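As written, the chain order gives the labels A, B, C, D and E, with residue 1 at the start of each chain.
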Amino acid sequence: GTLDDVKARGELICGVNVGLTGFGAPDATGAYVGFDVDLCKAVAAAVLGDAAKVKYVPTTGETRFTALASGEVDVLIRNSTWTFSRDTDLKFDFVAVNYYDGQGFMVKKDLGVSSAKELDGATVCIQTGTTTELNLADFFKSNNITYTPVNVADDSEALRQYDAGACDAYTTDASGLAASRASLASPADHIILPEIISKEPLGPVVRHGDNNWGDIVRWTYYALLTAEEKGVTKANIDQVASSTTDPEIKRLLGLEGDMGAMMGLDKDWSRRAIAVSGNYGEIFEAHIGTSTPIGLARGLNALWTQGGLQYAPPIR
Amino acid sequence: MSLLYIRKDMLGPSAPPASQTGAIRWLRENLFSGPVNSILTLLAIYVLYALISLSWPWLANGVWTASSLQECRSIVAASAGPDAGGACWAMIHERWHQFIFGFYPPDLWWRPILAFGLLFVALAPVLYADNKSAMSKLCGLIGVLAVLCLIGADGFSFHTVLAIALFAGLTAFAATKPRALLTVTILFPFIALWLLWGGSIWGPITALLGFMVMAMIYSLIAPKLGPVMGASLGFIAACLWWLFLQSYVSEAWQALLPLELTYVTSDKFGGFLLAFVIGVASISISLPLGILLALGRRSDMMLIKTLSVGFIEFVRGVPLITMLFTASLLLQYFLPPQTKFDLILRVVILVTIFSAAYNAEVVRGGLAALPRGQYEAADALGLDYWQAQRLIIMPQALKISIPGIVSTFIGLFKDTTLVSFVGLADPLRGITTIVRADINWKGIYWEPYIFVGGIFFIVCFGMSRYSMYLENKLKTDHR
Amino acid sequence: MTLATEPPKANFRLGMLIYDTRYRSYTIQIIVLILFLLGVAWLANNTIENLAAKDKDINFGFLWNRAGYDIDQHLVPYTNDSTHFQALLVGLCNTLLVAVIGCFLSTILGVTIGVLRLSKNWLLSRMMTVYIELFRNVPVVLWIILVYAVLSETRPEPKDFKIVDGTSKASMILNDSFAITNRGTNVPSPLLEHPLPRIELGGYSLNLSVLACIFVVAASIWINRILRRRAAATQEATGIRPTTWWKSLLILFVPIIALLFAMGLHWDYPAFKGFNFKGGLNVAHAFTALTVALTLYYASVIAETVRAGIQAISKGQSEAAAALGLRPGRTMNLVILPQALRVIIPPLISQYLSLTKDTSLGLAVSYLDLRGTLGGITLNQTGRELECMTLMMLIYLIISLIISSVMNAYNASVKLKER
Amino acid sequence: MAEPAIDRSKMQISDEVAIQITGMNKWYGTFHVLRDINMTVNKGERIVICGPSGSGKSTLIRCINRLEEHQQGQIIVDGTELTSDLKNIDKVRSEVGMVFQHFNLFPHLTILENLTLAPIWVRKVPKKEAEEVAMHYLGKVKIPEQAHKYPGQLSGGQQQRVAIARSLCMKPRIMLFDEPTSALDPEMIKEVLDTMISLAEEGMTMLCVTHEMGFAQAVANRVIFMDQGQIVEQNEPREFFNNPQSERTKLFLSQILGH
Amino acid sequence: MAEPAIDRSKMQISDEVAIQITGMNKWYGTFHVLRDINMTVNKGERIVICGPSGSGKSTLIRCINRLEEHQQGQIIVDGTELTSDLKNIDKVRSEVGMVFQHFNLFPHLTILENLTLAPIWVRKVPKKEAEEVAMHYLGKVKIPEQAHKYPGQLSGGQQQRVAIARSLCMKPRIMLFDEPTSALDPEMIKEVLDTMISLAEEGMTMLCVTHEMGFAQAVANRVIFMDQGQIVEQNEPREFFNNPQSERTKLFLSQILGH
């Protein structure tokens, strides 16, 4: 299966975005950084023991699924929405949801609009090759209002168009909207409308049929989530490991039982994954959280214990 | 009437009347020779003025050092007033290396620089044939430039010394034995491969051995069974070598004598480095292919002609973008299950196929320009088809075709920007997207395009001038 | 014809397959054929295996499923409820639209620039040279992006057209009928008060008004040709050519204007309402940018072709004409152009071919042409790469073949007769 | 070449002046190509101009129908002075026919169309009439059967004869020839010279740049020798060839007749 | 041309047959270009072929080294029949040298390389030896000093002599010439003819298409006249010129000697 391939290769090939602020893009030195990228690193650490052994393959909206289907990448962690047809017809498995997103609208304040339903006749910038265009069509249709789509190739182009006023509203996933808003000259002049017109569960994707590999990616992600739940962080992981008495943490950190072996990994897999860039919350804060220029609130992505949707099944 | 007239003293030349010279006349003749012309001149001056006044303030307010777009904006606002626009060249200042080298590790930049320099040395024999002085001048110049680039890239180091020695040696060769440079031309693909990707030196060497196997088999078989059989059996043998033996041999030698450069994976390639790798690789592989296709298209054999024509017309009939999408979307369907290879390699293959069709047409033009007599003379001397092609026809046809090939290359080089559509980091859109994904530079728009466009212009303009120069030269010296 | 081939000699040897010119070519061709078929079989086999491994099939049925996405510019009726096939048609029309308009405009611009480049005006010819070099030597994608950016960056927003207290920040041009905003160009659209009825033909409806217009224009052109032929005949008989230009103008324009007037043509002017201009026709900038950039780029290429074509006609030709007393204008019409066109048109048609192919670069500004619909969103939504790509290549190929067969026909018809 | 039997009966020179050039100078940029040219050509004269390459022969005769502009002095053709007045230029050009070294036929037109083009568009002659005239002159140059072929299909000699016929169709009073035979194969030279001779026999005023000395001796009534943009010597042919006066002429003749 | 003093001592004709053509016919498409050609050439013969343009002279001699394929009849060159067997063709071509009207030297190679190319690649002679042979023949055609120039730098006459030397380097037993002098300026014709004469004096079997009648009279031992693809008349030169038998020959000779 894929696990053997990855091990044999000594490298995880991770499909990422060509460039999406906060989620995945190369920095000035060419190293990939971002929210999605850290999950790639965690998987690599879990499987290979070295977070650096990842090869990032930038994929466009058009090439991403083909890249995965053809085995060019082992896993696609590239803000892709989990939909029925992608799961079934395209023969993929979405193993988890690492970011609950939804499609929203951003408009300029001086447009005087406070709800998406007032957008009748508006021009809307929209990226092609994504689910957003389908959602948009559905939303306007169901509200019996009209719009003019302006198709743009990527986020930065959309932003430029929007900024120049080429469209009244920019629609994309709310996370993207927040990032874009942050980079505008005066973010305060723009508002993100309250309507979230779609469910956009974004998550890592693997090929259908290789269940073990799917499990590895899924549980690596859940390990990060559980770590947050249990307060295990990058900084305190070693200390917790030595002092904890909580059986669940013990299982999580491989101190008890041999969960790794059931997936073909060793005992320390999850500990390594967490050690790379910390737990889910830490990763979130580091790349897209409120302390970053992007400034996303946890919202739906808060832990279930804090009113969010992020809920990791028990590790046992 | 007597017809006789003799001029006793010959007149010397005298200066033309005043109305024939001077700046006023030049102006009158070139700019204001009539009402229509005068209007056109004024119109042109107005257009020039409008263009300059539109773009000058923006260029003049440019900021060269800043760490983010916001900073640029505030610097411009501080110096030129809140509404003034200004270019933010600081981004180029910070990210230029990604536009040039992509993600190639900075401490290894000397390798692409050296490879690029050697490219010109390899081209010298093709461009200048036997012109010793031109060749040595070119080699020397390239050497100096390469060394300067190296010093710029990582200071004065071991590589600089290496480069100085290498280029000095090559220049000396060019000056004394220009033919010897042909060896560099032949070896260049392997050298470049090794320099760019690194890894064990035995890889390229054993790959080269494959060609030697081919040559050996050819020379053994060709006299007995004819050149076609020789070539095909040689090719098969070489393929067998490459597929089954090469890796063992190269590993064995590597174990015996480890000689290697740090391995750099393809995904580190980007920017103009990527554009040149794709461009040069495709054009050099597609040229032989193109020659074969051109010969096929001119062949008397129906089937071969039909296949060649079909192939050429098919490839020329579809846009390059669809070929690139084929490379990234469809190739996996056509290859045996489980074969995987690098996207860059796939793109190079498809682009090669694409330019082969164009080169075929260029070469066909060159072949058609040769007088029939050349073929007949070769026949009458008893040369066989392949000998005639190799010794008589191709050297001449290719020489005629060089301008066309250069044009194809220019087109191809410009088209490498399209690889961004399949997710590669080309300088125009790929790197620009990446740079803009950085929160510091998000929102920057014109500067990268102007920068990249400028480099494209310089390279392409240079090449097109060169091909024009060649065309003129060929016009005069080909009979 | 008597290509009397001798019967093969009785003592046929195997060596003859290689050494006898007659058999050798067959031998080679058969080997090539076998290799070719093997290659094809190998590819086909791989494809089948791969499809099986991915649990896929080749099936074009998806073309009749609901597309579900919107396309802002559609020349044929389309909504997001239409099928993927309909989307394909929309894309094809969009491709052809840019191609046709691009070819037309770039020819006009290119010819102008090519001629101006040969002008005696130093400044002008230099400027044209700069233009040509600038455009030729930079990737066309860059021009597409830049034109797009210029349009959306430098033009005012629609709301600047809103009239507040009797004034507005931006104003429409050409007597308040055109508005170029940063999101599109609003142009008046023609409306008919008494249009002719439509004829329904099994799903498609035929617009009689358009048909009538086409018919009238065609008839005018035909009559004009008769007029010109008459003039030529008069010239043959008397030596003097009657002036025809004003008659031509009348014949060409009066009937169509009359028809449109009769059908009650009026313009639906765009006007600012709500967020945007309402009424009229909104031409998206993706279209404008692609068309303009391709036009500018190919104009530079065509200009070179034109210049080369005119310069290819030796100076001797114009001198000979001058020596015969022909004026420069006549010389151009009767001697230079007919010859230059033969040189110019073949490369010109290949430029058209490249332009048509380059419309696929609309990708850079997300213009929804054939590649954007069939090869873009449809492919992405359905995951049917093999089918979509094959279909798309096939369509492009057909377009190309049509264009190049036109070229070959032209070449054959104008070939100079020689010994 | 043996001296052909030539009918000199019609070759009479009238006293009327056909071309009058006085003090003419011409420069290409700063290069002084024609220097102080003075020359009078009477109606019916047959003048051969010779001289080394680059001496300005072509330029001189091209000035006469204003294919080149002169900068000083006067050129009067058939009573019309050549200035930049377009009307005068048109008038002169319709009086003066010119035959070029490289024929310069229009390759996209048939022979007949080549011949009728100028009469129809310049002289406004009805097509039918123009064609009759054209056939007449084609007959004169002995290739009426080629009327519907294209120039590319004819041999060089035939093409040059068509070029002569084309000029004649405009019924010029003066004919200029610029090395009409130098681009031809030896076998074809004769047919072109024959045509020119027959033209001379009919009394046409002719200025001919040529190195065919046989032709000069047989037909010309005056030979002009040019060097360095100047007329160095002129004389009637027999004298010119047998008894050249200036050193340059002697040198030139020795070279040209030597081989 | 004055009859040159020619040494006929070696010009002996042996009884061996060099070329034997029987009942040969050739068509281009449906155009019957060679009709029933029968001809025997013995070793040492020097045959001149003449005839009007388009009569098939070039085609005939091009058939002899299979630059053109014949469709009926037999051609036997030096005992080898020309069929589509490549080996036979190669054999014949290495026995038969050919000189073209337009020289067809290889412009990208120096003179020496032009001469050594075929010996090295076809005859597999070592380079050094090939160069010696080449210099020998270059000396023979009297331009050894040009060995390192390129063809473009030589005059037409010199080029044609190089072309002859190039053929000779393959040591052919038979030489074919297709109008070797007709693309040359008159001054250069003589030097090429001289070379050919010296070749004849050494006893080379030669077939030569030419209209140089002086050469024919001086060197040929037989003149063949062709018209419309057929051999119309053949005879020894003196008889042929002074006493042609057929009407066509007479007509042709009157044209060609007339001017």
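Side notes on the structure shown:
Here, a contact is a pair of C-beta atoms (placed from the backbone, for glycine too) under 8 Å apart; a residue touches a chain by one contact, two chains touch by 3 or more.
Chain-to-protein mapping (UniProt): B, C = Amino acid ABC transporter permease; D, E = Arginine ABC transporter ATP-binding protein.
Since the model is a prediction, treat every value here as computed from it, not as a measurement.
Touching chain A and chain E together: B, C.
Counting hops only between chains that touch, chain B reaches chain D in a minimum of 1. Chain centroids computed from C-alpha atoms place B closest to the centre of all protein C-alpha atoms shown. For chain pairs B-E and A-C, the one joined by more C-beta pairs in contact is A-C. On a Cα centroid basis, the chain most remote from chain C in this structure is E. In this assembly, the chain whose C-alpha centre lies farthest from chain D is A.
Chain centres here are Cα means. That of chain B falls 30 Å from that of chain C.
Centroid to centroid, with C-alpha atoms defining each point, chain C and chain D lie 50 Å apart.
Averaged Cα coordinates give chain A a centre that lies 88 Å from the centre of chain D. Centroid to centroid, with C-alpha atoms defining each point, chain C and chain E lie 57 Å apart.
Annotation for chain B: residues 325, 329, 332, 421, 445 touch two or more other chains. For chain D, residues touching at least two other chains: there are none. Of all residues in chain A, those touching 2 or more other chains are 62, 66, 69, 160, listed in ascending order.
Of all residues in chain E, only 65, 67, 90, 93-94, 96-98, 100, 102-108, 117-118, 121-122, 152, 166-167, 170 touch chain B in the complex they form.
Residues of chain C that touch chain A in their complex: 54-55, 68-72, 80, 149, 152-153, 157-159, 182-184, 273-276, 278, 282, 284-286, 363-368, 372, 376-377, 379-383, 385. Across the complex, chain E is touched by residues 1-6, 16, 19-22, 24 of chain C.
The touching residues of chain A, counted against chain B in their complex, run 17-22, 25-28, 30, 55-60, 62-63, 66-67, 69-72, 154-156, 159-160, 163, 179-180, 182-185, 292-294. Of all residues in chain D, those touching chain B in their complex are 25, 27, 29-32, 35-36, 71-72, 221-222, 227-236, 239, 245-246.
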